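Written below as structure tokens is the structure these notes are about.
Every chain is named by a letter (A, B, C and D) in the order it is written, and numbering of its residues begins at 1.
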Amino acid sequence: MKTFGVALLGCGRMGIEHARTLLSIPNARVVAVADPFAPAREAAKTLTRAEFDFVNPEEAIDAPGVDAVLIVTPTATHAPLIEAAAKAGKAIFCEKPVALTLDRTQAALEVVRQTGVPFQIGFNRRFDPPYSKAKEKILAGELGEIRQFRAVGRDPAPPSLEYLAASGGQFIDQAVHDLDAARFLVGEVEEVMVWGTAHNPEIAALNDSDTITTMLRFKNGAVGVIENSRISSYGYDITTEIFGTHGKIVLDATPKTPMWQYGQTSAGTGYLSADHYHFFMDRFLEAYKLELQAFFKSLEHGTSPNPSADDAFESLRLGLAATRSYHEKRVVRLEEVV
Amino acid sequence: MKTFGVALLGCGRMGIEHARTLLSIPNARVVAVADPFAPAREAAKTLTRAEFDFVNPEEAIDAPGVDAVLIVTPTATHAPLIEAAAKAGKAIFCEKPVALTLDRTQAALEVVRQTGVPFQIGFNRRFDPPYSKAKEKILAGELGEIRQFRAVGRDPAPPSLEYLAASGGQFIDQAVHDLDAARFLVGEVEEVMVWGTAHNPEIAALNDSDTITTMLRFKNGAVGVIENSRISSYGYDITTEIFGTHGKIVLDATPKTPMWQYGQTSAGTGYLSADHYHFFMDRFLEAYKLELQAFFKSLEHGTSPNPSADDAFESLRLGLAATRSYHEKRVVRLEEVV
Amino acid sequence: MKTFGVALLGCGRMGIEHARTLLSIPNARVVAVADPFAPAREAAKTLTRAEFDFVNPEEAIDAPGVDAVLIVTPTATHAPLIEAAAKAGKAIFCEKPVALTLDRTQAALEVVRQTGVPFQIGFNRRFDPPYSKAKEKILAGELGEIRQFRAVGRDPAPPSLEYLAASGGQFIDQAVHDLDAARFLVGEVEEVMVWGTAHNPEIAALNDSDTITTMLRFKNGAVGVIENSRISSYGYDITTEIFGTHGKIVLDATPKTPMWQYGQTSAGTGYLSADHYHFFMDRFLEAYKLELQAFFKSLEHGTSPNPSADDAFESLRLGLAATRSYHEKRVVRLEEVV
Amino acid sequence: MKTFGVALLGCGRMGIEHARTLLSIPNARVVAVADPFAPAREAAKTLTRAEFDFVNPEEAIDAPGVDAVLIVTPTATHAPLIEAAAKAGKAIFCEKPVALTLDRTQAALEVVRQTGVPFQIGFNRRFDPPYSKAKEKILAGELGEIRQFRAVGRDPAPPSLEYLAASGGQFIDQAVHDLDAARFLVGEVEEVMVWGTAHNPEIAALNDSDTITTMLRFKNGAVGVIENSRISSYGYDITTEIFGTHGKIVLDATPKTPMWQYGQTSAGTGYLSADHYHFFMDRFLEAYKLELQAFFKSLEHGTSPNPSADDAFESLRLGLAATRSYHEKRVVRLEEVV
């Protein structure tokens, strides 16, 4: 079994999480880490026992023994790093998004295509077991023809205003995971229509939204709806439902810990209760591991990783169409967004 | 305790179900039944031990000892029977809808208002314990400000084409229950927008739909979405979710029978399974009882029954606005529908 | 359809509940009510519109038009009323138990057998839909051979000490429902063994228990266990599980209201919660209705009602065997109890 | 952060699973692997990138750089390897059991005590999040005084007869996990009583059981019951329930994948279903990781690992008491087993 040398570009919270996963992937070995913030970089180096560390991620790409890069840096650097890594012939795993505009995304992905390097975009939810099993069942025809789709995506609290200002907006930053799940489970979208608002005045001042309901008309005739909120008092709320002519599949928000407590309220009535997921890290931890395992399995077998450059492009396009619908208060056809 | 003499107008399936409930309401006594179909009429008479039976429902209104009428006849007769009963000074419980147009509805309800007779419209779902408890919790502020609402309403199979042709269409006939639930739980609606279609060509030929997704913009700023389908392979599918700044309430489609069976599939893997509600009668049986109990409790205490004539009118208006949105493929403001 | 005239013997809470059910059973009509407590008797008469009312239940048996009696009086009167009704040729529905001793039970049931009158004992749980469906599935062989059985039965709070003193003890008064369910679902029992205690000193002073775990060895080789408690902070706790060679069935304690509330605890963590059944009346209300419907259906069709006199006898015997095991701290064989 | 060099003794399925976990524990590094079976040994060496490999596990203990040993070898070798490792001053993580007799267990643990090396026994279930959270809640008094305990442990299929013959029997091999969970959650046991049998004649021929129900009388007055079966058509069945004066906690067998499928049975009725855990590896995978993390965290902080040598001893003693009760068909006091 060939071992692939990895350069970990970005040693923040998500980078460290990926580093931990890499430690348990037999055919991956971190040889270089890069982060301008010294404590993060050093922590990653200690954890991974990497040989090299760099302030500048571009340098790590060219370190000896690097076969693949994991791009976990701030969004603005994704596209240039993709281009640099592709030109250096390295396999690429990149967190979403490639960039915040279609043009910049297309330019970077064009380099990927020309160099032919393996490329995987970090839509981790496709690897979450209920999502991937649902996909299998849909492909096997167990739901018949899909007629309706619905998803909910709510975060416990909004990111900082500073983060939000550079995020590309709620559709690109938050809803894109649900939009990608819609594409993954149902198919390509023809039209999109959004009703929503910013209840939070600081978010409104950024011309961004915090509460949105998005309708999707799929090419296969199905209609979907996604509800997103930047704030949720009870924690992370992710559910998806696919309704077809032969049945329905529900990917549910089960309790985080399968433990039910029964007791008495102060009003004297009986109750049962359980805890709830707080955020994406405790809900999708397994998916983050599985996506990297899949990436290195693809490298081992020489197959094309998934989700692909096309998925990175098309899910961004859908997010941009939804953004336009929100601001222009009208139905937007996907073909308008080029 | 005064006993109210009841004329049961209409002895079909729903009429008989109401008759059964009346038998267990201490202050109600069926004195007259009416139905042009002799076997149904006679079955109702035997069951209720009513003294009188009539072919023509209008005659039953005037039978001796009648204080209240239950209108469970075909839709086209609702408005004239309401007017006749109101003019005769009888309390009225009427299945929805009053009529298929706003004008006819308004005319009938105007007679109700002028005569001052008690009037209740049969939006039974408001009496279903999870719905009424959710309403209590919302009124108590447990959800904070409502931000998003979603509901699903799917029937196991469409009615006959003959029934559909006279039904007023999917919004008035089926979705109106979900539209009324939205008004009940969240408040009045300002705008509506529908995406849907008729997958069934016979339903398409009636210019009606069978699969619709309806967006609602409420006056309080919340956005709602309702999914309806005229066919559902797994049975009756009714769920509702209300999301607010302080929490979320889910009215769920639990198994019909709280019995879980564990076994092995033919593929050799373990499973657990339960049965599912087939249709509204097994899901909302208790609500049908509770709405009649509430009606006779109102009569006893001299209070105004609920849902009221206004609810009958406003929920129809919402259904008509949705119908218009479906056909005209545009956002419709409620104030357009007068 | 013949209508059966009913004498309701006992107009307490349970009697009134049965009266309400009788009102909705088409072939039953209450003609007489009896209770020494005037307000209860009068309330029942008003509710049922019975023609006759009596202080003494024995007189009601002989009132004109009485075909069947419902015995809902204090336990000590059950056996004599059964004998009187049987000798008068009336069909009998009797709340459990017939009596607190086998001898007295046998004597009363002997009169029933000799007179051949229909007799049903009020083990209502057999009519609860999950129990009756489980029974169907077991009979159909869906579980294969039964190997293990478990049940839980916990009440929110113990009855009064006065009631307890005359109750026959926890096994006869409380556990007997679970013991009967064990017989109903698995079969007859050969040996019983109890470990338990009275944590409450007042119950201990009555030489009774409040917390018991009962093991059952069934004749078919299965082993069962039942946990009972006289007190449960969270309300009524009833679950049953049957494990066989082909699968398992769980009759579960679902939330009372199918409504989930999501929110945030004071510690800032998310939760979901639902309410819980308080006591047998809200959990088994439907079963109480179904058992009476079944009784009057048996009368109509001339079939033998179920559960039968034998069930009354055998489930009592099992309760007495368990009582003996508790006090003598040893395995008791059923055949010892005669 | 000091890194602990690890000798992995035993490279079978469980050994490999532990090796994978070790790869993601930053302060652990496998330096030696040992297994007489060459392909397993080599696979482990490749996976862990260990420097040394040995046919004989005793030699691996003394390899350069070894600070700790993981004993994942056949049961009969546990005690001698514990003694050898303890004498060599190595920290020890050992799969259960230490040995099949109390004497041999005591002898090995005596060496551990004398040498003072850290020792952890592999009762992984204590690290499963619902179990550890339940423990926290019990310690915090949320259940009040514990009154009743119940557990179920069923395996999909029995091991080979060869394995069974050397396993120590169903109580030591299978039920011991539930017995340890009972000790962990409720406390020490005073008396035990078993009813059970071997339905499988080959297992009966080994004088072993396959279906057992075990009653426990705890020193604190609670009564517990555990049901075990060596075969379960629907897969791995593990549930635990703790009932106290203030409430109840249920550790439930939720679906393996949180995905509900709704459809129609061949009989035309609707259902919902989910999949079920197959065996301990998919149910307790996280617990296996967490127990090793806890072990290396103890080493790092110099604290005593848990579960301890005492837990290894006491849970075995409870298993032996239950075994004796099964064979002698009587209540066995724990103090008898020395």
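By definition in this document, a contact is a pair of C-beta atoms (placed from the backbone, for glycine too) under 8 Å apart; a residue touches a chain by one contact, two chains touch by 3 or more.
Since we're looking at a predicted model, the values are computed, not measured.
Using mean Cα coordinates as chain centres, the one most removed from chain C is A. In a homomeric contact, the two copies may use the same or different surfaces; for chain C and chain D, over half of the interface residue numbers are shared, pointing to the same surface.
Chain geometry summary: the mean Cα position of chain A and that of chain C are 56 Å apart.
Note: centroid distance chain A to chain B, computed from Cα atoms, is 42 Å.
Distance between chain centres (mean CA atoms), chain A to chain D: 37 Å.
Residue positions of chain C touching 2 or more other chains: 233-234, 237, 246-248, 255, 262-264. Interface of chain A with chain B (complex): residues 144, 147-148, 150, 152, 154, 193, 195-197, 199, 211, 213, 215, 217, 221, 223-225, 227, 229, 231-234, 237, 243, 245-248.
Within the complex, the chain A residues that touch chain C are 156, 233-237, 255, 262-264, 269-278.
On the side of chain C, the complex with chain B involves touching residues 1, 20-21, 23-24, 26, 46-47, 129-130, 133-134, 137, 142, 246-255, 257-264.
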